[in-house]
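Quick heads-up: structures coming right below.
Next come two complexes built around chain A: one with chain B, the other with chain C.
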Partner chain A sequence: MNSSYAIPAVALVVVATVLVGAFGLRISRTTSDFYVASRTVGPRLNATAISGEYLSAASFLGIAGLVLVQGPDMLWYPVGYTAGYLVLLLFVAAPLRRSGAYTLPDFAEARLGSQAVRRLAGAFVVGVGWLYLLPQLQGAGLTLTVLTGAPDWLGGVIVAVVVTATVAAGGMRSITFVQAFQYWLKLTALLVPALFLVLTWQSDGAPRHAFDEPASFREQRVVRVDDSIDLKLDRPLSVTVTGTVDGRSHTGTRLELTAGSHHIERGTRLTFARGAPVPEAERSGGDLSPSQAESREERPLYATYGLILATFLGTMGLPHVVVRFYTSPHGVAARRTTVAVLGLIGAFYLLPPVYGALGRLYAPELTLTGDPDAAVLLLPDRMIGGVGGDLLGALVAGGAFAAFLSTASGLTMAVAGVLTQDVLPSRGVRHFRLGTVLAMAVPLAASVLVGGLPVADAVGLAFAVSASSFCPLLVLGIWWRRLTPPGAAAGMLVGGGSALLAVAATMAGYPGEGAALHALLAWPALWSVPLGFLTMILVSVATPGRVPPGTAAVLARFHLPEELRTEVTA
Partner chain B sequence: MSGFLAGLCVAVLPVLALGVWLGRRTARAKSLAGLGTPVEHATFETLHTASLAAPPLRAGLTEETARKSARKLRSLLGTDALCLTDREQVLVWDGDGAHHRTEIMDRLAGPLETGRGEAFRLTCDRLDCSVRWAVVAPLTVDDRVHGALVACAPRESAVLVRAAGEVARWVSVQLELADLDQSRTRLIEAEIKALRAQISPHFIFNSLAVIASFVRTDPERARELLLEFADFTRYSFRRHGDFTTLAEELHAIDHYLALVRARFGDRLSVTLQIAPEVLPVTLPFLCLQPLVENAVKHGLEGKAPSSGKCHIQITAQDAGAEALVVIEDDGAGMDPGLLRRILAREVSPSGGIGLSNVDDRLRQVYGDDYGLVIETAAAAGMKITVRLPKYQPGVHSAGRLTGE
Partner chain C sequence: MPQDHTERRVVVTGPPRQTLPHARLRSRGRYPQASSGPYRPRTEIDEQTTLGHTYVRSLMRTQLRAALTVFAVLGLLVGPLPLLFAAMPDTRRLEWAVLGFGLYVPLVLLARWYVRRAERNERDFVRLVEDR
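Moving on to the complex of A and B:
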């Protein structure tokens, strides 16, 4: 696609982010009026900021890609990402705010008074943060590759450098304004092109076979295969081939492919006729883990429940979401904020499925080229074309970069905060900078080394780890007075640790596809969350003598509204 | 291949963490081995064990601290069982023969009364019971018996009696230190209370005088000022809670500045730059207002009443896990040497104990890393920086955040 508009758009987003971050506070809050200066962040502004920070590359690009490849089953992703806040609202938001904790390790210390549990929670925050940063960087790389053809590590490096520089230089002082700005930017960047795309679809006669199985080409289409793949055909298919198919090379010959499996070498061009069904592709390059999507097809029910549990319960343990609740002035405001977040995120998530469905109609070959995540970026050019399509494409690209920047900066700040406080030896501004660099260096190195993990899948894994370690800690910590430090530590280690190992095994491609074990490891939440809860409860019950003194007072503080607290302590 | 690398990276992380943890745990013990003669080595071992048992005891004698230190104390004495008691009950029993708990408590009445050590035979009908003999050494702080250390052994041993006495004395010293810590905390609390009662009397007289001067000429203004005065004094005399929120403290500063402005008029101008994210931060009660009062005093000091103007800038920034509050004036400044002596309490400053008191309280609450940072020179104004952690265990605001 034409990059002459997209690159300025991306640059504009980066510059605007840095400027709002550095000067937003100065412009809006320099005053001699105390009344203005001491007004706290209202629930609506805070909710917008949380949404801006939360809507990541997985939401912006990943969901549309999944819907494109696998159809409406994937709508559970946006539902799960949103419903997580419902659980947060019901069980966690207000008590978490009243606990006075800024980060999750703070919460562990406030509730259990144990340095060991605090450090363990810190380790998991870093783990979850890194797992979540990885797909952000990959998404950035993908976006830049689609826009300009740059090597796929470049986008990740750009985001990493921009985020590290702004965070380390203290440029995120007015982070609430930055993130709120990013939310509206992202919403606009999806909403405006979506309106135009839907209008085009209407004028096209509103074709409705989006979710027909299998998807088919609406016009003659040339597809360039970037990685060698295996095509699985249920019935014979005729294509025009330039390149190597099944070890034989062709130049523009028309082939009649028989039913069965066919090996296509990289760099081959396939021309499909109008109305031809889109064949199912399977990566055979050997360097990619079997996507979780495949285990989904084997055990759809199990995978769906695993996804639901991970996203519903994982949201409360995301480090960059938790720190934002500190900004709410009191517990009731924290609840109101969460309700507003539900509305804002719900509105946003109506859009990616639209792109996914349109992608199935107008760009079905993305399943072959291996970049379904690029659907959102390519659609405006594909459907509208011309200068208008280029401009809309540039808008979407800018929005995508806003998604990477906001989520990555929020995560980097959270991870760097934990690294500075609990891992690096002494405190101070310089150490925070060191922490920032470290927080970003690890996922950047991983993303350059790894590549190729589907964006939404990687985020799903981060959710699973968070759901099996922090959800038990938060829910039991807030609602169960007999929780003990050894119980909390054991639960986090067993639940979160097993989820982490399952994640590692999945990424390493063990135990290969087809095995029942593979589905279990690719969607760990369904067994690791109950395991975490059970371990935490059993070990706590077994160590009744270790219930921290003052638990009753701590829980009273978590649950009593602030107005009453004054009278209790007086 | 790259997928495998990714998995490897994730799998290596917990292993690394475990390695670091194990390394830390074993490092100290290992570094002692191979140092000096066996006798010296034994001394090191003993001192090391003693130093491990000390930190929990520094928090006083409770079930929790006794449990944490008992195992170390037992390995120090090398007995089969060791128990720590307070005046009423056994706090912890480490080792065999826990069924002797009640018997020990019955026999302790005497030693706890007199404060003298004792050794006695235990009666036991269990044949396999390994503890037959108990040595009692009382734990005393300032000649008051707080509890006892009881070491149990299979047979009578003069060495054990002596050793138990020494260990009990060492534990007593730790408890005395704990006592000292407590009195220091109480002292600081008393100081906070003292500062609270001590909004400077001058300020009260001056405010009332200013209000009086407006009563005839501008009754409406006088009424407003009187209300500001009431709000400020209500906040300052508040009795409950040692902590407040930044928002509340800023409100109090606002009331204070309204009264000061009424007195000095145009000579005083104030600019604020407050990041809304840090308003919920909890901080010690009345710890910024004295700094502002100080800035006003220094800003207007030595300037002619008619011409001299003073500008005060108050900034609160969000800095990760901390909030950064800066109070800056463009007034007379101060000689850094003099300031250092004031903060060290060698010289008593002219107006109250503001700065050094705030400094002490911040260090007491947040640790020595969080004292005031003051940049000043004669005739160069003064810039005071306060770092406030967003979360600190034990720091909870009693107040309620108002506002939107």
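Moving on to the complex of A and C:
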């Protein structure tokens, strides 16, 4: 891909982010400004900011890539990301705002009056935040590598530095403007190229086999395999091979590959004939990804439901989402904000499926050559080409960087808030800045050291953990007056902890493939969420003496309209 | 936490004052800030009596019922879809259309329906307690 336009585009996005942030800096004065923009952000600006923050690398690149590889089942991701806001609106939005807390640990303390629960919630915020930051940094690395061939770590470092600087300098107020700006940037960056791509597709005779299974090559295509892979074939396939297949080397030989598994060495060039089905690839060297572990035929129904539950219920517990609701001026505004967010992200999510479908038509070999996450970045060049393709590609690249920057700054903000308040010695703006550096340093180090977790999957893990720990805490904390501190702590530990362990076990490759146990562990939400709720309820019922004395007053504050609040708020 | 522990009760005899801010908010198209004007009648709720808690409980129940209703509709809307798609593997195009484009509008409509209902619940509640 030609990088002569893409690099200026990325640079422009970075500079604009810093400038808009600096604009916010001028009016960010107090600690309250830092954390919640002094609670003066109206529904419309706030909704755009929430959407800008929420549409991460997983939304911008990951969904199209997953759809490209695994077909329409993966469209449950964007549906779940959106529906999560509906669930959040139903059970959490207004009471959460009325609780008057800055962060999730603040909420836990306000509701339960327990330092221990507060610290536990803080630990989960930091954990989920870091888990979610990691794919943002990796996505940035991937984008820069695809665009310029720069080393993997460079993109992550750039995002980390810019985000740390913006957050540490301006806090929440400046972030709000940055996020709102980046929502529109991201929408434009996907929408405009999508229009051109669809026009190209139409002038191409509007081929419709994008929806067929499996995807097939629409013209003769040479694919260079960069990493050794195993091809799994259902039917015999003829390809022309230059390189090593199944341990034997060929030069330009036409091979009839039998049904079954075939090992392709790295550096091999495969030429597929027009109309040949795209074979499924398994990356050798351990599968890190729960979703890649199952092919599209094997994906059990259970996994789909696990995904639905995790995204529907996990959204409310994401630290960077929750912190935004405190910036609404009152509970009614918090509700209206959420409706606007649903509209904004729903509109955005109409676009990734378009890229996914076109990717299946025009770049099906991405499933073989490594990174399907790059589909969105490569399509303009592949389909349109020339200067126009380069310009559109540059626009997409800029939008992708906006995605990394905005989500990463929201997460950094949330994690830094917890670190500052609960870990570092004293509160105040200077310590907040120190917290920011810490919040970003750990996932950056992890992404440089570990690497290689597919973007949408890592995000899925964060959702599962959040759904099984914070969702019970928030829902029961808001609607159930018999919740006790021991119950909350036990529920978070058992629900969130088991989800975390299950996911860690999957990534370590503990149960072999094909086992039913594997699906259970790779998609923990379906059992870990009920487990979290159940533990929280049972332990609370078992410790009736520990119901905090002020519970009735606290719940009244959560639920009463602001017009009725007088002394209760004091 | 209550800072005012006096057990004083005030009988409110005046007309509901809420009509004033509501009319204003309609004309401006925005909601009033959370504030406690001096004119506001003290209610049972402020003083945290048993009766006050009963009021809060009733509000919570109404709001929870609204939330659960919408949640149930969401569940009925979304829940059967994976089964449906699995049962009919030939409906790939339908799956693309429904998941890719079809679900977002119902989601937004559900959200608007809920917000309207929740706000109406709150308005009714305010009228109820301020009329007393």
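Heads up, the rule we're going with is that the second predicted complex is superposed on the first by the 528 of 570 C-alpha atoms of A that agree within 3 Å, B and C clash if a C-alpha of one lies under 4 Å from a C-alpha of the other, contacts with A are read in each partner's own complex, and residues count from 1 in each chain.
Here is the rule we use: a residue touches a chain if its C-beta (ideal position, glycine included) is under 8 Å from a C-beta of that chain, and two chains touch if they have at least 3 such contacts.
Nothing here was measured: the structure is a model prediction, and the numbers come from that model.
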{"item": "Chain B versus chain C as contact partner of A:563, first or second or both or neither", "value": "both"}
{"item": "First (chain B), second (chain C), both or neither touched by A:79", "value": "second"}
{"item": "Touched chain A residues, chain B compared with chain C", "value": "B"}
{"item": "First (chain B), second (chain C), both or neither touched by A:113", "value": "first"}
{"item": "Chain B versus chain C as contact partner of A:342, first or second or both or neither", "value": "second"}
{"item": "Which superposed partner A:523 touches (first chain B, second chain C, both, neither)", "value": "neither"}
{"item": "First (chain B), second (chain C), both or neither touched by A:330", "value": "both"}
{"item": "Partner chain in contact with A:404 - chain B first, chain C second, else both or neither", "value": "neither"}
{"item": "Contacts on chain A seen with chain B and repeated with chain C across the two complexes", "value": "329-330, 562-563, 565-566, 569-570"}
{"item": "Chain A-facing residues of chain C, complex", "value": "1-4, 18, 21, 31-36, 40, 42-43, 45-46, 48, 52-53, 56, 59-60, 63-64, 67, 70-71, 74, 78, 82-83, 85-86, 92-93, 95-96, 99-101, 103-105, 107-108, 110-112, 114-115, 118-119, 122-123, 125-126, 129-130"}
{"item": "Touch list for chain B against partner chain A, complex", "value": "1-11, 13-14, 17, 62, 64, 239-241, 247, 250-251, 253-254, 257, 269-277, 279-280, 282, 317-321, 369, 390-391, 393, 395-401, 403-404"}
{"item": "Of all residues in chain A, those that touch chain B in their complex", "value": "25-26, 29-35, 37-42, 100-103, 106, 109-110, 113, 123, 127, 131, 170, 173-176, 286-289, 326-330, 413, 416-417, 420-421, 426-429, 432, 446, 449-453, 497, 500-501, 503-510, 549, 557, 562-563, 565-566, 569-570"}
{"item": "Complex interface listing, chain A residues touching chain C", "value": "71-73, 75-76, 79, 82-83, 85-87, 89-91, 94, 211-213, 301, 304-305, 308, 329-330, 332-333, 335-336, 338-339, 342-343, 346-347, 349-350, 353, 357, 479, 550, 552-553, 555-556, 559-570"}
